[in-house]
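Below are two complexes that have chain A in common, paired first with chain B and then with chain C.
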Partner chain A sequence: MSRAPLPEWLVSTLDQQEPAAPGEIHTTARVQVVEWGLPTLRDEEWRWTNLRALTRPLPKPQQTATPEGSGLNAILPQAIFIRFAGGKLVECPGELPDGLRLTPLREADLDQRAAAFAPKAVTPNDALLALNTATAAEGLIIDIAANADIKPPIVLEFLDAPSETAAQTRVLVRCGPHSRATLIETATGADGVTSWRNSVLVAALAANSQLTHLSLGLDGDARLLTDRSFVTLARDARYRSINIQLGGQLVRREIDVNITDTGAHCDLFGLMMPRAKQVLDTHTRLTHGAAHTTSDERYQVIADESGRGIFKGRILVAQDAQKIEAYQSSRNLLLSDSAEIDTKPELEIYADDVKCSHGATIGRLDDEALYYLQSRGISTANARKLLIAGFAQEIVDLLVTPELVEWMGGIISRRLERQNAQ
Partner chain B sequence: MTEQHITEQQEIEHLMQREYKYGFTTDIEQDIIPPGLNEDVIRLISAKKNEPEFLLEWRLKAYRHWLTMTPPTWAHVHYPPIDYQALSYYAAPKTADELAEIEASKPQSLDEVDPKLLETYEKLGIPLHERAVLAGVVQPSNVAVDAVFDSVSVTTTFKAKLAEAGVIFCSFSEAVHNHPDLIKKYLGTVVPAGDNYYAALNSAVFSDGSFVFVPKGVRCPMELSTYFRINAKNTGQFERTLIVAEEGAHVSYLEGCTAPQRDENQLHAAVVELVALDDATIKYSTVQNWYPGDEEGKGGIYNFVTKRGDARGARSKITWTQVEAGSAITWKYPSCILRGDDSVGEFYSVAVSNNYQQVDSGTKMIHLGKRTRSTIVSKSISAGHSQNAYRGLVHIAKSADDARNYTQCDALLIGDRNGAHTFPYIEAKNSTAQIEHEATTSKISDDQIFYLQSRGISEENATNMIVNGFCKEVFNELPMEFAVEAQALLAVSLEGSVG
Partner chain C sequence: MKLLEIKNLHAKIGDKPILRGINLCINAGEVHAIMGPNGSGKSTLCQVLGGREGFEVTEGSVTYDGKNLLELSTEERATAGLLLGFQHPVEIPGVKNIYLLKEALNAQRAARGLDEIDTFAFMKQVRELTKTMGMDDAFLHRGVNAGFSGGEKKRNEILQMLLLQPKLALLDETDSGLDIDALKVVSEGINMLRGADRGIVLVTHYQRLLSYVEPDFVHILYKGKIIKSGDKSLALQLEAEGYQDILEAAS
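On to the complex of A and B.
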């Protein structure tokens, strides 16, 4: 077997806390995770991403101070902020708009917990999912009532505080029929502080509901994040995911979207900017399980220094799911010879009346564009910065509000400037 | 339902019931080693072929390595496990027991040739004059044929003309005896003995194949061609082809196959190695039409092939062109290792699948040298209940400055019970690389069919026209005689899938 046995230090975390998963689900996962161990480069799903960092215990925390938040509260003062520190729910507002209910996982009833732990692994021997199911004790259930239009964004701030153990969190979002909401997940940590979060988010979108889901990986150059989202769309539901990853030494996100009924639409947009020795990886799997559904997927990687960017996106059209339109593009900028970009856009199609296409490109900055800018008196460094920022902006512009677009654009441009100064 | 519709329906039903055109068996006495695989069988194969010691050692090493391996499971194909002990690993026509005997027993006129053999050629559609040439009775024209009848080359033609140019074109066994140094130098240098499960199996038990050597500066005066046939029941066919083009040499090689109809699945695990030195060009074209199994997916050939070209020299070029229409399962990735600076790799493919056929095919372009370029054009057409997957790798190594790749994968779906898949792996480690990949999946639009039908063209013909247009980019790359054959093959393969 290509599996590495589950490291001792992880085995020892298995029974530390009272697990939130209901009895049988927990027992199965507990057995599976030990049996499967951690995936290695020989696993097809992990051929580009090495989990070596998890084979040894995480370094003992040198710093105890809780890192600062994302800074989003200044941009979105009206938003509903929920904070996790080191995987523990530390802040959850009591006053909420009508139609929104938040239940900490610890206080959730059996039905809620069963729903939160319902999704089954899509890939074989998914040890990280099993690990989460076996050990997650903290998390949140977000219920959006039917017809509710939750105007303020719901922000989940994950402050990755130093810890010797992995933070295992589980979040369930249930969008009632005809409801509408925006969910923002942010991940931040202090530079140089190693922490690991292994999280799972489950979203169920009822008929005609809309969910915009932003996942923003910000500061913290030593953070480890393994995260997955399971999303199901009912009839006419709309889901939009925007995944921007800037920080972290290793970030692996898996987004599974299952379109189960007609009329639904899904957008998957992403931007990853690895540099230094960062490994930023996103795998998306989108299943068109019903006829007359559409999807649009756009992923961009900008890899510099010794950074590695990985994108694998699968679009599956099930048998009899006719009249599908699915577009997928993976466009990548490779800026350094030590950097690496790996991309695998996949189409798996079992129906014939479909329009599906994908495109992938890997290249460098356009020499002509650089020359044009230089001929206008712009320095090489600034010209490069302009072009890179412009490329990134294509995804940033999709963020929901002008404030967010400006804020994120600023973060990226400061980051590029820092790089130039070095 | 209109009357016209009914006749059309009948026509389609009639077409659907049409049997595999090339399904037949020839009764020729065969010399078969009993089924099973162990070191003794390998020694026996080697002894029967009177091989030098180094080759036997090489086979045994490959076999021992094979024992430690497991069959690959990553491909998008499904089949029951193969019992390798139930297969027979060597079959040769009685007349070919000894290679010397072949030479001695070469017929002087067509009358002396086994009539059954001629019958086989006739059903294969080999032109009359070529049939005579195969038997060595008429002066050669411009296509050289090395016919592989089951496992041992029955006849090799055009030798004289090729020898004049300095080109060596012979069966692998002959090459082992006559040019052991070349075999020793190049065998296994592109596809190592333990490369993958099926390549290791082939290395251990390979029966025969073709060997081509084009010396420095020589442009091979004709297209070289091999017809492969699988003929004996329960015999796996393990061909091994090695083509070497020295500096500045140029060679075009054609490989075509058809196979008799039978119920039991047959395994074919071939290995093809190409070596192109500085400024050399190798063009390798395949039309594959092995028995694909019946309408229920029963029977058919398992085609598990390892094909790889090493563009070793600067400015060398390797082109793979393939039309894959047959086989129950195709597992095949003709690849190019672009080692030399400025070397070029090309892959043009049409893969057609119907009924219950399964295809998992594509290419690998490994860019190592500077300014290396590769082009991939893959067209797949799936009909019936078939599954057709493109799986490809484009790898730009750190050393490959200014490498360039263009990939286009288009899939055409006919019917709603089949699948078309694309699994491209793209890896770039050099910032000067430029890689483009695009893929589309669609069906033939009703508008197009309607337009053609309104011009009096039947639905079947309209489909054929559109399909041929869809594949044109690839057909253009085929040598003349193959291009015509390929179009006919496509029409036959898709028979009964429209409507």
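On to the complex of A and C.
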């Protein structure tokens, strides 16, 4: 492990807020974050992503307005909207469908707060996780009762505005047996305004429950985001993650899924579209810890200008996890000579009776396809836009409802148009 | 009226000369068929006219509708009313057919100074065309040619042609790989375009297309040159006797 000491400015912010994590959970993390410091490029897990931006104090927040939200409320009027601005919970509806309970961490009792942090308080050498545990003051516990079918999506809108310290949030999602829910996280920021969020989400899916989890990084080209999801699946549970990141100065998402019991299934779908000098990075770690479990992972990066996209997908199949099926693909589009894509599948298989396949490709826009579109009178710029949007569409089409598919397709098209116009 | 005039056209792919002095004149209202053995340069001619990169014109001229065609980009040629039907239409998964059709039609309209087409009118027009071409509307929402059978791809080429209403259609083996029903549908589509102000070029190996779409002229292309031209009876003669005699007589 290669570590840089925790930057002074970060050390000085450690005790600024009353932490939500209680007693020993907090004190342990508080000690370890200082001990471990920030990872450097020499750390295998961080070799492509430089946290240099965090070594200096963040720019002092100006008098900036709260960034606009995702605009999803117009698309999903029935959804349940929860808003965090600069890491602070600013909106949480009181009226909820049966079977859904929301408990802001600020109002949670000691036991509830312990429950939110204990499952993922610290892991060795993981300073960003320890930092969250040591300093997070805000967050939410989402409880979905057994057998509840929560139809309206639960939307967590993160309005990433600058603050003196990082926005540290902790979210716990508990899906009761046989329940079903959709959780959508959105991140937006004002362009050119630096903010940093270091967030952690822990989801526990009980037997036969289903959670669809969308994480959508939208506006805000100067956002810094270090974000973790830790998900455990009990017997027959189904988890689908769709991770779409369209911008940010630095976005590092880590998605850890642990399939602990038989019959469970996990989908991990992702699309990252870095441009300018953005770095968009996702690391997934999927553990098949039980027999007869399945997974489907599809990631795509479209890198333009000097953007960098990073995808590392680790799949671990435990020794007695026989009869599992794991499929992974990483398909990437490199649109400019100064863009960069790093992709790495990492399969560790200890069982012998498994079906695992993986593949990674990095390509350019297809000249034949471009010519075909041009031969129909479509301008080069529009033809490129169609092809890029078409490539992205393969992931966008996996979004749960036609409304979401159309909305996201529209966002991507408009973005490509804006780029064309530049 | 001359729609297309090709004079002494030479072209190479890489270092390899393929077209070696083509002369051809197409007037509005005419249908021309180009036949010839494999590798004689028929598709190359189509692609040169389409403006494909990597196909270099080394000599000669092409005048289309009074303009120097060779100076125009591929998309300018298309918006000027030239349409290329591909021998092997490419598959573009992810780009829905309907988007291609709409973008293409709007590009044509923009070139003529018209506004973007109203979505309702567009859908109505497209649905009529899918019906004409015997295609299910589901094709509109699939990726362009993605996973289409050979015949479906060719129907799709004709559908695009009928939507865009080109002045000059160059159809490269649009009849290859079609069963008899599909051939009828495709031929009817081509006949729908036929008109006094339009020109059509059919590249084909088979007389059977030409019995549905009767050509005014038939040309035989061999080793990058038109070695013989005639009327529709030339295609019948080829069908009956094969290329051998004609090639020998010409050499």
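Some notes on this structure:
We take it that the second predicted complex is superposed on the first by the 414 of 422 C-alpha atoms of A that agree within 3 Å, B and C clash if a C-alpha of one lies under 4 Å from a C-alpha of the other, contacts with A are read in each partner's own complex, and residues count from 1 in each chain.
Note that contacts are C-beta pairs under 8 Å (C-beta built on N, C-alpha and C of every residue); 3 or more make two chains touch, one makes a residue touch a chain.
Note that the structure is predicted; figures quoted are calculated from it, not measured.
Looking at the shared chain after the overlay, A:R106 reaches neither chain B nor chain C. Legend: residue contacts after superposition of the two complexes on their common chain; A:H292 is shown touching neither chain B nor chain C. In the overlay built on the shared chain, the residue A:R415 is in contact with neither chain B nor chain C.
Taking chain B and chain C in turn and counting the residues of chain A each one touches, the greater count comes from B. Residue contacts after overlaying the shared chain place A:E368 against chain C, while chain B stays out of touching range.
Chain A makes touch with chain B in their complex at residues 44, 48, 319-320, 322, 332, 334-337, 339-364.
Across the complex, chain B meets chain A through its residues 74, 396, 398, 411, 413-443.
Of all residues in chain C, only 50-53, 73-75, 77-79, 83-84, 86, 89-90, 92-96, 99-100, 103-104, 107-108, 111, 143-144, 160, 164 touch chain A in the complex they form. Chain A makes touch with chain C in their complex at residues 366-369, 371-380, 382-383, 386-387, 389-394.
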